[in-house]
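Both complexes shown next keep chain A, but they swap its partner, so chain B is in the first and chain C is in the second.
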Partner chain A sequence: MSRKPFVRPVSKTGWWLKHPRYMRYMSREVTCVFIGAFALLMLCTLERLSKGPEAYASFIAAIQGPLSVLGLLLVLIFAVHNATSWFNVTPKALPVQIGEEFLAGKYIIGAHYAVWIVASLVVLLLAGVI
Partner chain B sequence: MTQLKQRLVQLEVLRYDPEKDTEPHFQKYEVMCPEEWVVLDALNAVKETIDPTLAYRWSCHMAVCGSCGMMVNGEPKLSCHAFLRDYVGMVIRVEPLANFPIERDLVTVADDFIDKLKRVKPYLIPKDPKPIEQGEYKQTPAQLMKYRQFSMCINCMLCYAACPEYALQPKFIGPAAITLAHRYNQDSRDGGRDERQEVIATNEGVWECSFVGACSEVCPKAVDPAGALQQVKVASTIDWFKEHLLPGGSK
Partner chain C sequence: MAKSNKPIFWSLFAAGGTLAAFLAPVLALLFLMVAMGHAPALFSYANLHAFAAHWLGKAFLLGVITLFLWHAAHRLRVTLHDFGLRQDAVVAVVVYTVAAIGTGLSVLYLLRI
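So, the complex of A and B:
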């Protein structure tokens, strides 16, 4: 008997539309574009800062329009999605075995959120916001 | 004996005859099935009463042997574990496991997975080999728990069917094989990690994984291959730092 296995084609671009779990994955991955854009903005801000207080002030004024604020809000939403979606899977990568038991995932996730909150408070404190 | 309640089940099964067909096509079947049956029972009823040419693999009918993996309405499932009561009012579309070539009907070619499984040496390579007269290799319950979950794999390949990385890059060693390598690496009696790392801590190995997590979602034995792969990444990264940053550091 002859063999003639059939290989089903795979769409290189549309595969992630085939299942909600792939779309969830892509929603996490696409956050890098927004975070990358924000990192670029931070670099530009630093560059302006190095040129003196006036250059910095005018740059800050230029990015306070409604469109900029909307863009930054989008970046914030994607950054939070990036952080939470990664935090929520940390127990998989970092299991903590205590004797014959494993520490429940909620404590490992919780520890990440706790460090996140503390780090945010420290940054806000250093920035003089609180 | 009370008669089980019967229901007409509609199936759409992907058929492929390598001797006649140039590509697969769907064929519809209607068969009376008791409510309690699973998709595999419905296929058996089709084969026994309607179409004896239908080809598919199965053996244990109890989610242990791992032979009857199929796509049921687009989801990788053990067909012995896909209950008809979960598909009431639906046409049940049955296809061969995704990401594997189709041999005939619902039978796939599993050679690629078997080759990869061999490459990761999924067996105990004793750390301190000793003659059998000196007795067994002992292990504490805590040492057992470290890998027990990963030892539950039944090689059903549902994780490969769910993995988009494997679909796009068939060289990827993939979830189950890397998980089984990890299972032996985590075993206190084993000394084969260096040999396995050469296969799994590579671009074709664990670094092809981008942590979609689909493997763990479809695993019928709750093995959590995605967890195993991330743990291999962490351990391999620590290896790298030890090798490159510690004075006199070599594996």
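So, the complex of A and C:
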């Protein structure tokens, strides 16, 4: 055994820039920042709503504008990224066995996308958008 | 076998991730419309208040806000480790405390409506 084994130096903070696969992993992980921020925004909305019509109206006015649009556009993009990456691993997380065979992944993924579309349409309908 | 609190936080992470996958995009779209000055009908004070006053609306809002928070908290803990922050014990306490406070506040605000 060698006295000084070679240890490949790996950056603790920048390792994920070395390979596209690592970057895809990190892009999936950082979606949590946007999901968390969005949850806090909804919590603030709830707080203002509980304070009465004036407080709520001024809050709604405050979250209008280009900066909010930019921020929420980022939330939307990362929320979609979380959704697609989440659904695309469902065959691994929820394998469906029928007899000896396993159901093909595309059906499990497809079912999740179908529910996603229906759920989104129901929310849009309830919100009065469509 | 040693007892671990991992299954609790992991199941909240998984439940929140699934709920976020199904609902976060469309909810973000609604808020984006608000930001652009085209607030959906649901966002009038009367409509949103009526929604949050109903027990079903309360359950929906509580589930969405708290599970999103616990999902984000757990994933942020792991992600901060990946970005080189190795004080996991401190990070864990901070992120889960924020999620727990958010959960408590959600309950409080919903009870006031």
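Simple rule for what comes next: the second predicted complex is superposed on the first by the 126 of 130 C-alpha atoms of A that agree within 3 Å, B and C clash if a C-alpha of one lies under 4 Å from a C-alpha of the other, contacts with A are read in each partner's own complex, and residues count from 1 in each chain.
Quick note on the criterion: a contact is a pair of C-beta atoms (placed from the backbone, for glycine too) under 8 Å apart; a residue touches a chain by one contact, two chains touch by 3 or more.
Every value quoted in this text rests on a predicted model; they were computed, and no experiment measured them.
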Clash or fit (per the criteria above) of chain B with chain C on chain A: fit
Partner chain in contact with A:R21 - chain B first, chain C second, else both or neither: first
Contacts of A:V115 with chain B and chain C, given as first, second, both or neither: second
Touching partner for A:L126 - first (chain B), second (chain C), both, neither: second
Touching partner for A:E29 - first (chain B), second (chain C), both, neither: both
Greater residue coverage of chain A in the superposed arrangement, chain B or chain C: C
Chain B versus chain C as contact partner of A:K4, first or second or both or neither: first
Chain B versus chain C as contact partner of A:K12, first or second or both or neither: both
Partner chain(s) touched by A:F59 [first = chain B, second = chain C, both, neither]: neither
Chain C versus chain B - closest C-alpha approach in the superposed model, Å: 5
Footprint overlap on chain A, where chain B in one structure and chain C in the other make contact: 12, 16, 29
Residues of chain A defined as touching chain C within the complex: 11-13, 16, 26, 29-33, 35-36, 38-43, 46-47, 49-50, 53, 56-57, 60, 63-65, 68-69, 71-73, 75-76, 79-80, 82-83, 86-87, 112, 115-116, 119-120, 123-124, 126-129
Footprint of chain A on chain B - complex, ascending: 16, 18-19, 21, 23-24, 74, 98-99, 101-103, 109, 141-142, 145-146, 164, 167-168, 210-214, 216-217, 224, 226-227, 230-231, 233-234
Footprint of chain B on chain A - complex, ascending: 1-8, 10, 12, 15-16, 18-19, 21-22, 25, 29, 89, 91-95, 97, 99-102
Chain C residues within the chain A interface of the complex: 16-18, 20-37, 39-43, 45, 47-49, 52, 61, 64-65, 68-69, 71-73, 75-76, 78-79, 82-84, 86, 102, 105-106, 109-110, 112-113
